[in-house]
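Just below is one structure, and these are the notes that go with it.
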Amino acid sequence: MIIIFAVFLLTLLVITAIAIVRAENLFVAVMLMAIFSLLMAANFFILDAADVALTEAAIGAGVTTVIFLGALSLTAENEKKVELSRGVAMSIVTATTLLLIYATFEKPKLGDPEAPVHQHVAPWYLSETPKLIDIPNVVTAVLGSFRAYDTLGEVFVVFTACIGVLFLLSAKNPADKQSRRTPPESIGLRHHLIPKVVGRLLFPFIVLFGLYVQFHGEYGPGGGFQAGAIIATGIILFALLEGEKTALAAVPHSVMMAMVAGGALLYTMVGVVTMFMGGNFLDYSVLSSNPVFGQQMGIILIEAGVGITVCGALLAIFHAFAARENY
Amino acid sequence: MNPTEHLAALQVVVPFLAAPLIVLLKAKRLAWAATTLTSLLTFCIAIALTMGVLDGQNYQYFMGSWPAPYGIELKVDAFSAVVLLIITGASTSALIAGYHSLDKQIGAKRQPMFFAAWILALAGLAGIVVSADAFNIFVFMEISSLASYVLVAGGPDRRALPAVFKYLIFGTIGATFYLIGVGLIYMMTGTLNIEDMGVRIADVADQSPVLVAAGFITVGLALKAALFPLHIWLPNAYTFAPHIVTVFLAACATKVSLYVLFRFDFFVFQENLGGQQLHFTFFFLPLSVFAILIASAVALFERNLKRLLAWSSVAQIGYIVLGASLVSIAGLTASVLHVFNHAIAKGSLFLAVACLACHIKRLRLTDIAGCAKAMPWTMGAMVLAGLSLIGVPGTAGFISKWYLISAVLELGGATGVFLTAVIVLGSLMAVIYVWRIVEYAYFKPQGKKPAVSEAPFGILAITWIVAIGNLYFGINPELAVTLSESAASVLMGHNK
Amino acid sequence: MSMYVIVSIAILVTMTLALARALKGPSVYDRVLAVNMFGTKTVLLLAVVAFFYGRPDFLDLALAYALINFVGILAVLEFFQSQRNDDEEQAKEQEE
Amino acid sequence: MELLGYYNYWVFAIVLMVGFYAVIVRNNLIKKLLGLAIFQSAVFLMYITMDKVEGATAPIIQEGVTDQIYSNPLPQVLILTAIVVGVSTTALGLAMVVRIKEAYGSIEEDDIIAKDRKS
């Protein structure tokens, strides 16, 4: 039954994707993008990927929309109706689609327990995690320990993107020379009663929920990355309500940078410490006399690192767009 | 802790430790110094790894001590050692040379971020090379790409921005294609470790997802490696990047993608997929021939010095792929050798360009007219490196061309002769475009604003050290040849 | 079991209607409302599916969606407010 | 019903190519980035589709339940990482678009090319 729901949702997904590409108003396209990512997240959830669904919700529907809107307010809302060479593109696209569809017919079907992916490596994770790490969420175990090096890379991807955005948007704006007009300071939404009241009520809950996701990641869906994104969203809410200035006074730029660098450093240092204690890089077993406990400790530490960096980076990126002067 | 055991991991961990610290440094000179020191340290690690490989040591490292297909494995063999040497060496020499010129191009406040991006690009590239896990390679590919977008965007000209945007779009498409390919193979084999894939893929090799995966991985990586005709992002990105960044990226960025491409192809696909060897040759051989001929021809007519050299890079990628497409020990040896030698030649050429740029603002050929009088040392280095690019005997470029021609002639018959003709023709065109630079610099009357004086000593010294490397490896090629031969046999060794 | 199925179908129908409004517009406010509604329906769908799968502890996720949806809509409002300010200012400049 | 088992993969192929089409054909840089985001999301769908096992539940082990089977955790871990990569690329791309707008006064590719020709 659920599969049929999934098929329905996927059909909506295709329609949304086509609508995004066809929309001439970029604001509409961004709104549809939010729907696209909600649909995607619902599908992930139906396909048993609870952690991924949580991430897609926090990132796709939340942060990405906010960043896109930030960029839109600095650029233009409407698209010029010109298309580049359509024929060639169409033929490339059609050929690739057919190739991919051709490839599906020898793929294992959805949900097939005999598929090769379920025979090798993955069963080992499922059977060994309770013995070696002893936490219920196998996704967190793989993320935090078995493939912790990938996660380290992921943290540095966020780190790179953050310094990249700051680097790009800290350059001088050539338009500043021409017009001395100072843009109106963003006052936020504090003059609107309903958003203000509801927002102020929600803000502590969002942060609290973020902390819950951070520390509950070993037991349920969630972990450092999702938590960082949710807390960042909470602080973005604060910035939207109270205006840029107040938000920057609460979490100044230097604090954000310290978070971005500190989280990444914490993660790497955990690895270096395990090296000095006689293990390989990121081998948490050596952290404690009881290897299982050591593993859990390591995962908690690196998840904290991930959360801090992601939260700081998303905030810094948001402020970089928001603070850029619109001309 | 015994550091020699951890060398492979340290290659990535050291820059990762440094990057967050560099961001927090306020003083720009300090940021530069920290970056250069870190880069130098990774260079030393790479040298240590290379010496170990030459001693026959096999570096295998399990991240988190988890055994291979379950955890992530790092592996360093002769091929990785060559590429690591290039990456860390190029980064270090470019950074030392950048002491003067980066200061002018990038504002003081933004420098810590710029240098952090640099060290991350280095970490990403090194991470790709040491990793033996297909997905891990994707993650590090993204780190290095995002960081290099930032580096290129540091260019002073506004045209750097559209160029880097294009670079971002193409880079992301390439990486996503790679991700699709890896996903399809994972779907059919259940593993992400490249060697494990090679073993397990044999049972499913004739099924369509695996064939499609081979196509996606090849195209995706060819896109990132700027193989003709997927090179369109490269010329502008190289032209408008800060000069020092061009030195770094031109020497190693595309080569790392080629490294992954060869590794994937020879470890996973060859001999497992029916007719893969043939497909590989038929796909890459014509493309590399076109790359050599067309890109060289475009370089002949290019008026901007940096873009001319960028087009020449596209042509050189053709030579590298040509060697590999022969699927023979001799061909691969030539390929790896050319990866190494071209990095030195192009590195020193772009370093010389950076020297020129100390006094000449725009770098059209007409702008450098007559500059040899004021800057004899710079132009001397450029000529030396140019000779190596052409492949004149006594330079490093000659060695790889020589190996390439002998590998091609091994084929025999009309193909062998035709390919030899292509290589010779490509080299002749290189003679012409290098001559154009020389002609403008030495024999044309000086432009309106003549260059005042020689470039600062620091940058000049580094340029000459690298330029002399061209001569050294041309006269004593044993080290490079030994490494390349063992790299080739590692790749072909999987091909029982 | 059948109760969950009926509820899910009802939610899917509402989602489709919301999507249709988001696609057709005509004004941006229709679309903003549609997106908000779509978000709410996703929250409900997740809750129902969580019970359907017998893992009610996954209600966490629905909670996350509900919270984040609100912030997204506020961002849209702020976007419109700043745009209107810009427009007003431009109009003033033109008058001057 | 037999064919429905492949439906996810077809949607993956179509959505992927819709995004790809937007990236190569649309002239507006923000639209290109939206296309790129769709393009990347499609790949997430492919990976997540692999992890499902019929009758299984999310790989969070329930205490006291012994006969439960669980879906595959590995593709989920990979996609968590890939989502992060996607949003990072988008953010960086948008920062570039903002700079392009400031430098050229336009975010349409043909305008930018035309302006570069002139100078």
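The first chain written gets the first letter, and so on, giving A, B, C and D; residue counts start at 1 in each chain.
Note that in this section a contact is a pair of C-beta atoms (placed from the backbone, for glycine too) under 8 Å apart; a residue touches a chain by one contact, two chains touch by 3 or more.
Keep in mind that this is a model prediction, so the values were computed, not measured.
Path length between chain B and chain C in the touching-chain graph (shortest route): 2. Chain centres here are Cα means. That of chain C falls 20 Å from that of chain D. Chain centres here are Cα averages; for chain B and chain D they lie 28 Å apart. Separating the centre of chain A from that of chain B, both taken as means of CA atoms, is a distance of 31 Å. For chain A, residues touching at least two other chains, in rising order: 50, 72, 100, 104-105, 107-108, 115, 117-118, 121-122, 125, 147, 150, 153-154, 157, 160-161, 164, 168, 171, 174, 220-221. In chain D, 16, 20, 50, 57-58, 60, 62, 74-75, 78, 81, 85, 88-89, 92, 96-97, 99, 103, 109 are the positions where the chain touches two or more neighbouring chains simultaneously. Annotation for chain B: residues 135, 139, 142, 146, 149-150, 153, 158, 186-187, 192 touch two or more other chains. Of all possible chain pairs, the ones that touch are A-B, A-C, A-D, B-D, C-D.
Residues 53-55, 58 of chain C are the ones touching chain D in the complex.
For chain D in complex with chain A, the touching residues are 4-22, 24-28, 30-31, 34-35, 37-38, 41, 44-45, 48-63, 69-81, 83-85, 87-92, 94-99, 101-103, 106-111. Residues 135, 138-139, 142, 146, 149-150, 153, 158-159, 161-162, 164-165, 168-169, 172-173, 176, 179-180, 183, 186-187, 192 of chain B are the ones touching chain D in the complex. Of all residues in chain D, those touching chain C in their complex are 57-58, 60, 62. By the touch criterion given at the top, residues 1, 6, 9, 13, 16-17, 19-21, 23-24, 61-66, 69-72, 107, 109-110, 113-114, 116-117, 120, 123-124, 127, 135-136, 139-140, 142-143, 146-147, 149-150, 153-154, 158, 184, 186-192, 200, 204, 207-209, 211-212, 215 of chain B touch chain A in their complex.
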